[in-house]
Structure formats: structure tokens, C-alpha cells
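Chain IDs A, B, C and D follow the sequence of writing; residue 1 opens each chain.
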Amino acid sequence: MRPWYARNLAKAAFFATALFLAPFFLPNEYYINILILGGINALIALGLNLLLGYAGQISLGHAAFFGLAAYATAVATTRLGLPIPVGMGLGVSLSALVAWLIGMPTLRLRGHYLAMATLGFGIIVHIVMNETVEVTGGPSGFVGIPRLALLGFSFDSDRSYYYLVAAVLALAALFSLNLIDSRVGRALRAIHTSESAAQTAGVDIAGYKLFVFVLSAAFAGVAGVLYAHFLCFVAPSSFGFHFSVQLVVMVVLGGMASVWGAMAGAFFLTALPEALRGFEEVDILIYGAILVACVMYMPMGMAGAAAGVWRRIGRLRRGRVPGQGEGGHVG
Amino acid sequence: MFAAAAQYLVSGLTVGATYGLTGLGFTMIFNTTGIINFAQGEFVMLGGMMSVFFRTWLGLDLFSAILLAVAVTALVGAAMERLTIRPIQGSSPINLVIATIGVSILIRGAAMLLWGKDTFSLPPFGGTAPIPLFGAAVQPQSLWALAITLALLTALKLFFSASIHGKAMLACACNRKAAHLMGISVARMSLFSFALSAFTGAVGGAILAPITMTSYDVGMMLGLKGFAACILGGLGNPFGAAVGGLLIGIMESFGAGYVSSAYKDAFAFVVLLLLLFVRPSGLFGKSGAERV
Amino acid sequence: MNRALTALLVALAVLSLPGLAAAQSDTVKIGAVLSVTGPASFLGEPEKNTVLMMVDQVNAAGGVLGKKLEAVILDDETDVNKAVLGAQRLIRMDKVVAVMGPTTSGNTLAIMQNVAAAETPLVSFSAAEKIVNPVNPWIFKNPQSDRHAVARILEHAKGRGYKKLAILTVSDGYGQAGREVLKELVPAGGFELIADEVYGPKDTDMTAQLTKIKAAAPDAIVCWGTNPGPAVVAKNRVQLGMDTPLYMSHGVASKKFIELAGEAAEGIMLPAGKLIVAAQLPDTDPQKKVLLDYTRQYTEKFNQPVSTFGGHGWDGVMLLAKAIEMGGSAEPQAIRDNLEKIKGFVGIGGVFNFSPTDHNGLDATAFEMIEVAGGDWKIMTR
Amino acid sequence: MSDSAPLMSVSEISVRFGGVSALADVDFCIAKGTVTALIGPNGAGKTTLLGAITGMVAAQHGRVALEGRDITDLPPHVRARLGVVRTFQNLEVFANMTVLENVMTGRHALAAYGILDGILRTPRFRAGERACREAALEKLEFVGLADKKDVLAGELPYGSQRLLEMARAVAAEPRLLLLDEPAAGLNTQETKALAGLISRVRDELGITVGLVEHDMDLVMGISDAVTVLNFGTVLASGPPARIQANPDVVAAYLGD
């Protein structure tokens, strides 16, 4: 048995291997693009899951953090002529900084009011992206962002870019797992269930809420800079309310408070429209129906459903001997 | 100067009436079931689109077309509750919200396939010549919209305070368990609240179609503004939602007039955010509102 | 705990759906990324219909180089990411020889670099000038340029003796492009720009903006947007009792606009491609026959009125077919080279004259100034 | 029992909710090493007073001091770290965590490692986490829930959840433990066990206890001092025997 503190490392290594092998099973190079976008979305979902799944604080404006970072690196690496790593650093910092500023007054709000405030913030950022044409290029987008090159290596091929995204994603997953399996993770889950009980355990709830909000914005920021240097083009329409909602759906559909679930939800929702292409315009109906069906038949998300199936298999195998220590959160 | 301000006010009130009516629908469902129904905007869309199509397809007169559209939308609302909300009653609030998002996508998709992607217009209920009022030009349809909104508000007020159904719905709002123990069928009230708010939304859609026109995808934006209206007014307070809607409409129109038309939506949301920072439960909300 | 990983692997497996990319040598595959759904669907749908109709016609007439033409059309849902994915798919999976679309300028700008890098010619259906200026050897577009539309409006305004102009534009890619050109050309043409207002693509009331414009008292207003916004502007203008002349852009040049704006549309002027006034054109106009044929065929087949946007589909398919026939080859390089050589091609958008420095091939003569009179479009004589 | 300076003292505290006065100029002390009970009819302001002491309810007026240090303006989590920890009348266990995790969360402020330690799994994290787990197990044994450590807290029976809350609270190693109606919903058997547990908290762990309770047998059985609240003011205060004999107290209860 591995030492308890290295268990997450093993899981992340397993995950990294799966990501590494995934392209070899693809029938066509084209699907690499979907994997890259899926990985980028999974990165945002991971961060949002820390905020929504673990700490129980909703954000309907996360697309804004994603977009802010993307635009920051776009402007920095083209108009300001800064090196790409500097631009990426600026992008992530900008997202985190804005989250810190907006988080302080906003996170005092609860429930639907918090949802509204984050939603409003997202819309304001979206409008600013649309209207500051001199900086952002306005609604028709920002052209000419350089493709990523780091330490003299240029990620020109999609496959190389995919491996970069996969590496970042695996690291981020390990980061999340380790964070969750520590007193910080317990504090976050405590805030989710009972703020007063968390306080009496000495948890600084305002501080932790702000911390996890900034952290999840930074995850979105990392995703944003990766997105900008992959697509080499950004437009405000990718960062609107619609995408914010989709991110929340990814987390919930995947399974709240599950690191694997959030990522599964992200990959699933990114790939779904592709799988539905054959249905042409009817795809929107199928997409909506799948969404409804998922919450109806998998109330605990994909992670919960998978856990259920696993448990059933285990029970069959053990011949109905009650399993020991099934408890604990998933992931 | 004054004439311009009066014009902004009139425009703001007209647009605000839509937001208010949508917000009202949100409130009714939230009060009885605790759900924020993201498909509320689609009810408004259905009200407008079906009025248009019953009029042109079935050749009905305007009034009957609207009546039929409103009735069918109420049925859609009831069906939505029966088929998607009822089966997952005990689910977490966020799951229920996602279910309503799914339904809104379904309704929007169905509307698109049925009626196409074009924008449609409905003739005004009566009169087209603008009425001058304090230097502002008022469309007769704006007066219709405001009058019907007011009438609907009054009727709902009466319904909640005088009828047994209305009182039962309020009881569910206060305490679902207690209401259940009192012999009130919470499930029926939930069904009823969806039908009623679909009805309200559809009325809104029908009276505004002549002014704002309608297409299969107007629901999302309206849903957003309606939600903002409820939050501004204080979630759970129907009067607050109506006032919130009017205020957002006015803020947008004054924002466009005096600040910048490019940032008018941002202006309304900035004011909303600042207000929430000062009053975390909206204008007329109960303080210490519980978390989801 | 690892069991939850299973969920993730299942999601990854969705990606592994087998692709159906069997290249057949007896067809020539061209691709299109169009906004068939989403906010720009009113543009994308007629484009898709037309592309399919024209491919059938080409094939009925014997195809190209004796092979059948096949169109793979992907819907980008008016979403940038889907447009990028769609273009990648066309190039890598379907291995098309040329790409048409996307419908919107933003999506075109987003996929341009990738398509050019894959050395596949792109014929865009969107208007923005940035697409062909500066010229990228692989990128073409067939809609008329905003610059030419604005030039026609300003020429007309000058003739009427207007001095002070107000502009009201929609805050999306189309409106932004128009606004940039207007802000450049209005002062350059000797006019005074006295109001610059904006409205949102989903706005339903523009009285606030018009009230502001009214206070500035311009000689004429130029509104730049696509339906339904401009119809609201037209209605609000009448409501506010304004008689300031109103110009629209070619973005509303469909019967739908008159239907939506009703009586408020009367007297509104705009530059438009010749399609919607084809019947009024003199018989000497080289486009007249082509336009009337297309109108008749489209209306018969889809039971919908024609629109300029659908015309982009016509031009796209026919230009590609022409380039393939000219070079006698369906290789991407040959198509690109021959597209650049096309001269005097009579299409729906105008008469195209491409060159290595002009990848649009149209000029201001592609537009007619028209006005709404008696509930229909009329070519203006002065 | 001890008659030294009070561990915690509240002076002239007033709390208003809207226009309603919940507490008016209340003085209240808890002596070190005692179990001090706070009783009174429903709505007398007992839970509000607990809230004011822990900082979860904002007082309009008055001071709260812990061993002479003014803590009035400190937020609840800082007061908790200084040693003022409470339980709740309507159970607030972390239902989605295991029993052990609940108790480990109670030691949040005592686990001596930073966020980065946790992410990088440094030796400091391992040592801190191991110590935290061991201490938590110890507390679980103390309340008798050690065999349930891997069960989800929400799946425990009601009585056990009460014990779990107690274990979580003592895990923080408080100086003052405030219990809000710990016997509510327990049967006689369980209440009796609870009385023993509270005495052991005082005697074995050396934690001073403040007890809000309705069960008079429990209160009178284990308390060293009793304060009676009525309509937001202190009615009487003293040793249990004297309180039981106080006619005002009897009247207040009977007249309720």
C-alpha cells in the first residue's frame, strides 16, 4: 500500500497516463482539437468546482475571469510586445486580482443574491469587452495572437499543444486533490454545510471564501491564457453569460464536490455537440433533453452515478458482504 | 431637456414593464417551490410567438389569438412542472435550476424548429398615433402594457389575499412542511404556480410583442432581466419584483440617455451590484435571507 | 475513489466515435461553416439552403470536371469555438478542397489563420474589411464591403445637401465594422458627425438613443444593424414624430424589414445589392437574368423570399465551381490560383473582378440606392 | 470548582433585532473550571446571549471579555481560536463529511501547516495531519464514537450526532465550551450519559462549560452556578440550590 499522503499523486499519475494515451485512440487528428478545448474547459471546471462544489458558493460570472486573462495576454503579447510567458503571467494575475477586488464585497451575499451579483459582474465585463474597441477589438474579436512558444519550443502542432494542456490539467488535478485532502479542504466543505459551525471551529469563512474565489478565478485565468494562445483569436462572445452557465452545468452534471466529476462534465459537454452534429438542427432539442435527463437520472452527477455503479459491481463481486469504509466524499 | 427626461421615463417604464412581469413569474414559482426557474423568459417568448402564429395560421382575431396563446403557455408551464420538476422534487436546488435551464433550451429549440428563426411583429391593440405627454411621445401600446401590467398585479394581489388557492400558495411559501400538515397539497400548489407564472409570462409576451417584436430567442435576455428585477426588488416579494423591473427599465433608458448608450446595460447592473453591497437582500427583501 | 475516474474515461470515450472520412475520388468535396442556428441564423439558414440548391444545380448540369460536387455543411451555432472546430474538421476529417463561410465576421477572423495555414482556400460570406485587407493569399470574400455601402450613402447625402449626420449602430461585429467605417468616412467626406449612439443586438427600444439624436438635430441619421433592431429604430422614429431622413445599411435588405417596420419603413433609404430590386433593373443590366432566376428557384424550392445573404451561398458555390473548371483541377492550390484570376463573373452580389490585390472583387457599383415606397423597395433615381 | 476571577464575563450587553429588544443590559460571568448554566423560559434570550459571546450575534452595546481581555470586536473565528467554542441547538454537523473529518475540522486552527504545505505534501503537512488525526480519534474515543469514525456524519442517529458535535467542539481544545441545549431530543438514558460526559469535560479535560438547557434535572445535577434570564434581563444568579428556592424564578417559570 502506498503511504496515505502519496495516494493523490498516484491518482494524478494514473490520470496523466490516461490523458497521454487518449490521442492514440482517436480515429482522426481532428479530435485533438476537441480534446484541447475539453481540457481547457476542464481546467475552469476544476477551479469552479472548488468554489461551487466544495465551498458551496455559486458564480455565474466565471466566463469573465476566463476572458479577462485571455484578453490580457492577447493585448500584452501583441500591442505591448511582451514575451508570451510574461503575457500569460499578467493574464492569470489580472483574473486573480479582479476576483480579489470583486470578491470582497460580493462574497458577503448569499444564495440567489450571490448568483445575481456574479452574473451581473460577468455581464458588465462582457459589455466592457464589447465596447472598449481600441483595446479588445470589440465584438468582431482580437486577431493575431501568437501561438504559444515557451523556452524556445513552439507549440505549433495541435498534438504538442494538447500535451501541454494535458500536463497542466493533470497538475491542476493533483493540486485540487491535495488541497481538498487537507485542513483547507475540510474548511471549505464545512463552510458549504454550516457557516456558523465552521466559524466555531476557527475557520475564517470570509477569508476562505475569498481565497477559493481568487483561486478558482486563477484556474480560469490559466485556462484563458492557454485558450488565447491556442486559438490565436479571442472574441467577447466566448466569454458571455451563456458560457458562465455552461461552466456551472459542467460542474453539476459531472458531480458536485468531485474533482474527477467536474472534469468529466467538462469533457462530456465539450464533446456532446460534436457527437450530435449528425442530427443537424434537432441537436438543440437533444442537447436540452440530455441535460434534463442527466439531472433526473443522475442527481449526484456523473461521478455519483459512476460511484453507484462501482458499488453495485463491488457488491456482486463480494457476494453481498457489506463493504468496509465506503464513506468519504467521491474524489 | 425636460421633454427628453420625460421620454426616457416613458421608454424605461415600457421596457421595465416586461422585466417586471417576467420577474413576477419568477417570484410566484420561487415562493411556492423555492426554485429559480430559468425557463421563465421562454414563457414570455411563447406568449408572443404563439399569439403571432395563432393569428396568422389559424386566422384568429388578435384577441382570441392572444387568449389561446396564453392558455397554451399556461399548459406548457404545467407540463414542465409535471414532467421535469415533480420527478426530482427532493433534489438539490442547483439540480432543479439546471433542469429548468435544460427545459429552456428545449422550449427555445422547439420554437426555432416550429416557427423558424425570423423576427415577428404583432399589431398594436388599439391606436398607433403617438400621444404627447409632458413633451414625450407615448405609443398607445405602452399605455396598454402598463395598464395590463397593473391590472394583472391587482388581480394577483386579490388572488393571494382573497382566494383559497392563493392563500394556500402563500402558505407553501411560508413553510412547506407546515402547509403540508395543514392538508394543503404542496404538489398541486407547485403545479399551479408553474401554470400561473407561465400565464403571467405569456400575457407579458403578448402585450409587448407589438412594441418590441418577438422571435424564438428573446427569452434568454428577458429571463436575465426578470431575474435581476426580482433580486433588485428582494426575492420573494411580488411587488418588489414589479418595482425592480420598472427600475431596471428606467435605469437602462436614463443610462442610455445621459451616460452612454453603449454601456446602458452595464450601468443598470453596476447600480444593482452597488445596491446589493449596501442592502444584501434587495430593496424590499427580508434581511438575513437564507442561503440556497 | 478511483471509481470516479471511470466517469471521466467514459466522457473521453465519447470522443472516440469513429469518423466517417472515406475519401471518394469521384466527388469533389467542398466545405462550409455556416451559422445555421444561433443569433446569426437568419443569415446562415438562407446561405445553407442556397449552397445545397446550387450544388444540386451544378451536379444536374454535369458537375465539375466530370465529377460530382459534394458540400459538407457544418453549423457553428454562431459560436467562435464551434467555427474553429468546424473548420478543422472540414480540413482534417472531410479533407475538403475549399471552405466557404463562416457567416459572421468574427468567426471568419477566428478561422482564417488556421485555414490559410492548412493551405486551403476560404471564401467567406461575411463582410468585414479586415478579412481581405491586408490580402491573405488563401482568403477571399464575396459579400460587398461596408466601405462601398457607406460611400453610396454619403454620395447620396451629399447630393441632398446634408451636412450634419448622426449614426446609430448595433454593438455586434456587424455594427462595429460599420461604425468604424462611418467614423472614418463621414468626416473625410466633409460631413459633421454630431451624434454617435449604440444599441444592443437584443434591445427592444431605441427611443432613448433617438431622443438624444433628436436633440442634436442632424440633417440625416445613418443606422447600421441587422433585423430586428433597425425595424425598432424605424418605429421609434415615427413614434417620436421625427422627420429626419433615415438611412439604413444593406443589412436590412430583405422583405422582412418592411414587414416588421410596417408603415414606419416608408421613405427609409439604403444601399442594397441588386437582388431585391431585380425586377426593376433595366434589361441591359448583366445581373438581371441571374438574379431573377435565383429568385424564382429559391422561392419555389423553399417557399421563402430570397435575401441578399442567401446570394452569398450562390456566389460561393459558383465561384468555386468556376475556379475548378478554369484550372482543370480540384486541388486547393489550383483553386486558389484560379479564384484570383476570375474576371467579369456575373453573380448575385455583383460582377466580380478578382486580382492578387483584390480578394473581394466588387466595387461600389454592386450597390443600388433604394428606398421603401408603398411597402416595397424602389430604386431611387437621384 | 473555583472562585477565582471569571474566565469569561459579559457586561451590560444589549441586543436588538429590528425594533425588538432581545437582551437588555445583561451581566453574566462564567467562573473558570465550572459548569455554569443559563436557564430561562423560551424567548428569554439565552441563545442570543450565546451568540453575543461567540460573536455570531452583533451586540449594540456592552463588552465581552475572556480572562480580562476584551474580545467584543473580534469576529467569531478569532474568538474560537482564543478558546470560545460552541455547539448548536439544531445540530450543525457537517453531514457530508465522515465522523472523523468532522472532528478534524474542529481542530482546524490547531493543525499547524499552511496551504502550500498541504498542496506540496511537505513533512510539516504529514506531521500536522497525523497529529490532527490522532487528536481527533482521541476525542472520538472520549465521547464514545471511535468505532463510527468512517461513517458519514449525516447517517448517524440523532443522539450520536449530538455527541459528535461535542467531540468536534472539544477537539478545538477550547477554554470555554458553550453548549446550546445539548439534551434537546435525547431520551432519559442518553441525557443521563450526557450529564456524565459534561462533568468529564470539566473534570478530565479541564474545560469550563457554559450550558443553556431546559432539562432542569440535568442543569441542577451538574451545574456549579446558574443564571436565569427572563425577557432579556437577568432575573437571578447563584448556586443551583439557591436558584431553585428563588420565588421570582418559580413565578417566571410557572407564569410562562
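One rule holds for everything that comes next: a residue touches a chain if its C-beta (ideal position, glycine included) is under 8 Å from a C-beta of that chain, and two chains touch if they have at least 3 such contacts.
Please read all numbers here as calculations on a predicted model, not as lab measurements.
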Original post:
Which neighbours does subunit B have in common with subunit D?
Top reply: A
**OP:** Select, from A-C and A-B, the pair of chains that is joined by more C-beta pairs in contact.
**Re:** A-C
**OP:** If we define chain centres by averaging CA atoms, which chain lands farthest from subunit C? Would you check?
**Re:** D
Original post:
Counting in whole Å, what is the centre-to-centre distance of subunit C and subunit D, each centre being its mean C-alpha position?
Top reply: 71
Original post:
Taking each chain's centre as the mean position of its Cα atoms, how many Å separate subunit B from subunit C?
Top reply: 35
**OP:** Averaged over CA atoms, how far is the centre of subunit A from the centre of subunit B? Could you give it in whole Å?
**Re:** 32
Original post:
Out of subunit C, which residues touch more than one other chain, so two or more?
Top reply: 37, 171, 198
Subject >> Multi-partner residues of subunit A (at least 2 other chains) >> reply: 130-131, 281, 284, 328
Original post:
Can you name every pair of chains that touch?
Top reply: A-B, A-C, A-D, B-C
**OP:** Spell out the residues on subunit D that touch subunit A in their complex, using ranges where they run on.
**Re:** 54, 56, 75-78, 80-81, 85-88, 92-98, 101, 104-111, 113, 115, 117-121, 125-126, 128-129, 132, 150-152, 168-169, 172
Original post:
For the complex, which residues does subunit B have touching subunit A?
Top reply: 36, 84, 87-88, 91-92, 94-96, 98-99, 101-106, 108-110, 112-113, 220, 224, 227-228, 231, 235, 262-263, 265-266, 269-270, 272-273, 276-277, 280-282, 289-292
Original post:
Touching subunit C in the complex: which residues of subunit A?
Top reply: 7, 11, 14-15, 18, 22, 25-31, 33-35, 37-38, 130-131, 133, 138-141, 143, 231-233, 235, 237-238, 254-255, 258-261, 263-265, 267-268, 271-275, 277, 280-281, 284, 302-303, 305-307, 309-311, 328, 330-331
Original post:
subunit B touches which residues of subunit A in the complex?
Top reply: 52, 56, 58, 105-106, 108-113, 115-117, 119-121, 123-124, 127-128, 130-131, 241-242, 245, 248-249, 252-253, 256, 281-282, 284-285, 287-292, 294-296, 299
**OP:** Spell out the part of subunit B that touches subunit C in their complex, as residue ranges.
**Re:** 4, 7-8, 10-12, 14-15, 18, 112, 116-121, 128, 130, 137, 139, 208, 211-213, 215, 217-218, 221, 252-254, 256-257, 260-262, 264-265
